[in-house]
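These are the structures in question, set out in turn.
The following pair of complexes shares a single chain, chain A, combined with chain B in the former and chain C in the latter.
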Partner chain A sequence: MRSVIALFMASLKAQYEYRLNFWLDTLINGVNLFSDFLLMAFLMLSFKEIGGWSLGEIAVIYSIVEMGWGIFRLFGEGLHRFEELMVTGRFDLLLIRPMNTVKQLLLERIDFRRLGVVIEALAVAVFGFTASRIDFGDMWLAYIVLVFFSTVMTFEINIILAAIAFWTVRNSDIIVLAFYSTRTAAMYPAHIYGPVLKNVLTFIVPLATVAYFPVGYLTGRITSIIALISPVLGVTALLPVTVLIWKLGLKHYASTGT
Partner chain B sequence: MSGLAIAMTSFNRSRAYLLNHLVNNLGSFIFGYIYVSIWKAALGDSPETPSMVTYIMVNQSILWVTMFLSRGAYLPQKIREGTIVFDLLRPYGLLFCSFFEVAGHGLYSLIFRATPIFLLGYLLLGVSPPEIGSLLPFMLTLFNGFLISFLFNYFVGLWSIKFLSPTAAQGLLYMTMNLLGGAFLPAEYYPGFLRFLMPLLPFACANYYPSSVYLGTVSLVRALVLQCFWIVVLFLLALYMTEKLTRSIQVQGG
Partner chain C sequence: MKIVDVENLQKNYTVYQRKGLLREKRIIRALQNISFTVNRGEFLGYIGPNGAGKSTTIKILTGIMTPDGGSAIVDGMVPYRERKRYVRKIGVVFGQKTQLWWDLPVRDTYTLLKAIYGVPESRFKEQINYLSDHLELEEIMDRPVRQLSLGQRMRAELAAALVHDPELLFLDEPTIGLDIVSKHRVLQFLRELHSRGKTIFLTTHDLKDIEALCQEILIINHGSLVYKGTLEGLKVMVKLPRVLRIQLREGAFSLDGRGAEFIERYAARYDPKIGIIDVELSGAFRPANVAREFMQVMEIEDFRITDPSIEDVVRIIYRK
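On to the complex of A and B.
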């Protein structure tokens, strides 16, 4: 625990050294992603509903996915930039330390500038709950639970994608294909997509299980109880896959040298 | 002649990552598909739907020529590594050198990124191919869109000469282009005064005008007048700022 606190403080100090840059980056990180939501809001001034969902309801699923991403970027920078460790051969260093490699990656750097994303996601959620007919009190509890699942799933998916770099060395374009695109897709009601993408979001990169399905159930749009427990199913199903692929990758790892 | 050589080198350098880019193209196509799905869900069976699908996918394809150009026209990287000194030694200006370098990459992106994404849209999403008469006007406005985007990226590069880190300027540029470029939303869907303001701003020159000319919803003359106006303004500003900023340059790396 002591090492965790020490690394936490080191990250904070290092980033706060360039104060203006730090605040500017934090602000821009949040505002930047907010521009995507703003465009959606502009669109929905002309159309009141998309696939039967109001802007407020879309804002809630949007925020759940975004918040998971924001928290991941806060702690998962080492995983997100895993490619660099592979290309430079710096991953060797992690292997010789007496600590789990994933844990080390998570502790490598805490990127405080991503708090901008977290705040943005929270603002979108506040808007969503205020604008939609969703009941305020209990929904915040549900929101926190769903954000938890969304965060865990984002970590799982990104550990799998990082592990792919054990074979391919570079993985940033695979991340764009397998995660960025599905993350964006999961921010909107999944039934507006064709069967292929909808099935991918449900069974392969199951981000729809942490936002669209449970929120759909809570707002009465989806009646099956499976939709409510789908976050547990999704996260649990992905866990052994994550562990297995990471372990296989570690076994396969051959350093590129420096 | 030297400009072409720079452009060719940059083109070939980009080509080294062809396989990565092809994987990325698939991701980019899915993004286009997401936006197409949103529009289809919003418009329903409206007669506007097919043209909106084309609008979105044309934009999604040309993003690689008009929005996602090389970060800061390669300048931030050169400042970090210190190689900018070699550019400053050369017998032509920084603006000239950056332009051809980005142009080489832009041409590569047009062939290996924009075209495959467009073809996927044509094959899988029913995007309308351009009419013979509008192909040339489209390419012309696309080139102008590229110029505008290059100049904006160049400003990000100049920012990093002054402030060393490009992230803030880069983020700001991305946000403004995203909000006001019109790639997801054509001008008529903007609320209130933005509906009139957005088509007058330089950001709209990058995406809104090329794709509207493609569809024939905006006249070529109107697009060209606005694009050329902004190109001249931004170019003069770029010249002035290059002159001012390169007098005192801090090189970081080595």
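On to the complex of A and C.
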């Protein structure tokens, strides 16, 4: 635990080294995200609804997915840039330290600028709850629980995608294809898509299970109880897959060293 | 007492080569049945040309890579089976990759490593003082790593590998790219570590380093071990002759008939442009006799006898 704290503090300090850059980046990040948010709000306000879901309800699923992403980016920079470690061979240096490799990756570079994403996601949630006039008390609790699952799932998916680099060395295109696109898709009600995409979001990159299904149940748009417990199912189902793929990747790395 | 015991180590790599539209699979045998042992407290130099299998061996011994066959036991453990337990016991420096935190002051890397390895505060302080004294780290302790010169960085790097005070060190090209002064400091420090009883496994391209430090050398070529023993033993094995170099006096470079006959008799090499004759002193040719005979027929400025350099010896080994 002490090593975790030490690494966390080191990340903070390293970023403080580039103060001006840090603040500029945070500012630009914020402006960027705010414009995204404005665009969405504008689209929503003119549509009023998408696939029968109200603007506020969509804002809530958008926020759950986005928040998971923001928290992931806060800690997941090392995973996100995993291919660099493969290309330069620097992954070797993680292996000569007596610490779990994933843990080292998560602590390698905590990117505090991503707090911007977290704040934006929170703003969208406030907007969503207000606009949809959902009862506040219960919904905030549900929101926190769902954000937790969304975060865990984002980590799982990204560990799997990073592990692909053990075989392919480069994986940035795969991340764009498998995660960025599905993440964007999962920010809207899944029933507006064709069966293929909906099934992908439910069973393969199951981001719909942490936002669309449970929120649908809570707002009374989906009746099946499975929708409510789908975050648990999704996250639990993905866990052994994540561990297995990472371990296989490590094994492959150990046998090829590339 | 053995600390490293390697037996029949094998490693193959599969590479794919594009041939027109098809990909052709090719197996490269990086290590073919390598066996050796290293005793506790030994300073071992590990050399070989590029692509001979040095890095592969180091990667297996540091637990990064699994071999395809054979076994490696280091300090009673199998490095690639119990990585986390094993790496606590060793220190590793990869000259080509930095393990320092790039944006942080040098000191912070040590504090982080202290936390990772769980070194107690008192031992840590003692160790840092020791390292700082011997590697002259005081002046760079509070500077960010990215601002260090290569020589400073390498000293900091060595210290980082020693924060947890391991008994066994793997150093992969720790002097690469260093100027003479920095290199001297590093070598001096390695000698100091060795005198404290550390076991050091050093790979390098610089044979002078090896000559200055290692009692034992290990030579690998094409994935096989070609020599293990002392440097002196290697020189004896290769049997390179000493060379008598004769410098002719200015203006007397053109040889007459007798001169040419001499060159032929001693199978010497003559460069008439600079007036230098090299005679290999093998077997029957005694230096004094050769010199006397040459002096009778030529006008000579200077003599010099040179021992074969370690580079020459190793070049011959590599060529085999």
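FYI, the second predicted complex is superposed on the first by the 250 of 258 C-alpha atoms of A that agree within 3 Å, B and C clash if a C-alpha of one lies under 4 Å from a C-alpha of the other, contacts with A are read in each partner's own complex, and residues count from 1 in each chain.
In the analysis below, contacts are C-beta pairs under 8 Å (C-beta built on N, C-alpha and C of every residue); 3 or more make two chains touch, one makes a residue touch a chain.
All values reported here derive from a predicted model rather than from experimental measurement.
**Q** Where does A:I28 make contact in the superposed view: on chain B (first), on chain C (second), on both, or on neither?
**A** Only chain B; A:I28 stays clear of chain C.
**Q** Counting only touches as set out at the top, which of chain B and chain C does A:K13 meet: first, second, both, neither?
**A** A:K13: touches chain C, not chain B.
**Q** Thinking of the overlay built on chain A, is A:I192 touched by chain B (first), by chain C (second), by both, or by neither?
**A** First partner only.
**Q** Which one hits more chain A residues, chain B or chain C?
**A** If we count touched residues of chain A for both partners, the winner is B.
**Q** So, A:L239: does it touch chain B (first), chain C (second), both, or neither?
**A** In the superposition, A:L239 contacts neither chain B nor chain C.
**Q** Would you check which partner chain A:M99 touches, where first means chain B only, second means chain C only, and both and neither mean what they say?
**A** Only chain C is touched by A:M99; chain B is not.
**Q** Which partner does A:I144 reach: the first (chain B), the second (chain C), both, or neither?
**A** Neither: A:I144 stays clear of chain B and chain C.
**Q** Kindly classify A:Y180 by the partners it touches after superposition: chain B alone (first), chain C alone (second), both, or neither?
**A** First partner only, chain B.
**Q** Quick one: is A:V87 in contact with chain B, with chain C, with both, or with neither? Answer first, second, both or neither.
**A** Neither partner.
**Q** Determine where on chain A the residues touched by chain B overlap those touched by chain C, and list them.
**A** 18
**Q** In the complex, go through chain B and note every residue touching chain A.
**A** Going through chain B, the ones touching chain A are 20-21, 23-24, 26-28, 30-31, 33-34, 37-38, 40-43, 163, 165, 167-168, 171-172, 174-175, 178-179, 184-185, 189-191, 194.
**Q** Going by the contact rule at the top, pick out the chain A residues touching chain C in the complex.
**A** Touch residues, chain A against chain C: 2-3, 5-7, 10, 13-15, 17-18, 88-90, 92-93, 95-100, 251, 254-257.
**Q** If you look only at chain A, which of its residues touch chain B in the complex?
**A** It comes out as residues 18, 21, 24-25, 28-29, 31-32, 35-36, 38-40, 42-47, 50-51, 170, 172-174, 176-178, 180-182, 184-185, 188-189, 192-194, 197.
**Q** Once bound in the complex, which stretches of chain C touch chain A?
**A** Contact set of chain C toward chain A: 13-14, 56, 59, 62-66, 68, 80, 83-85, 87-88, 90, 92, 94, 97, 99, 101-104, 108, 111-112, 114-118, 144.
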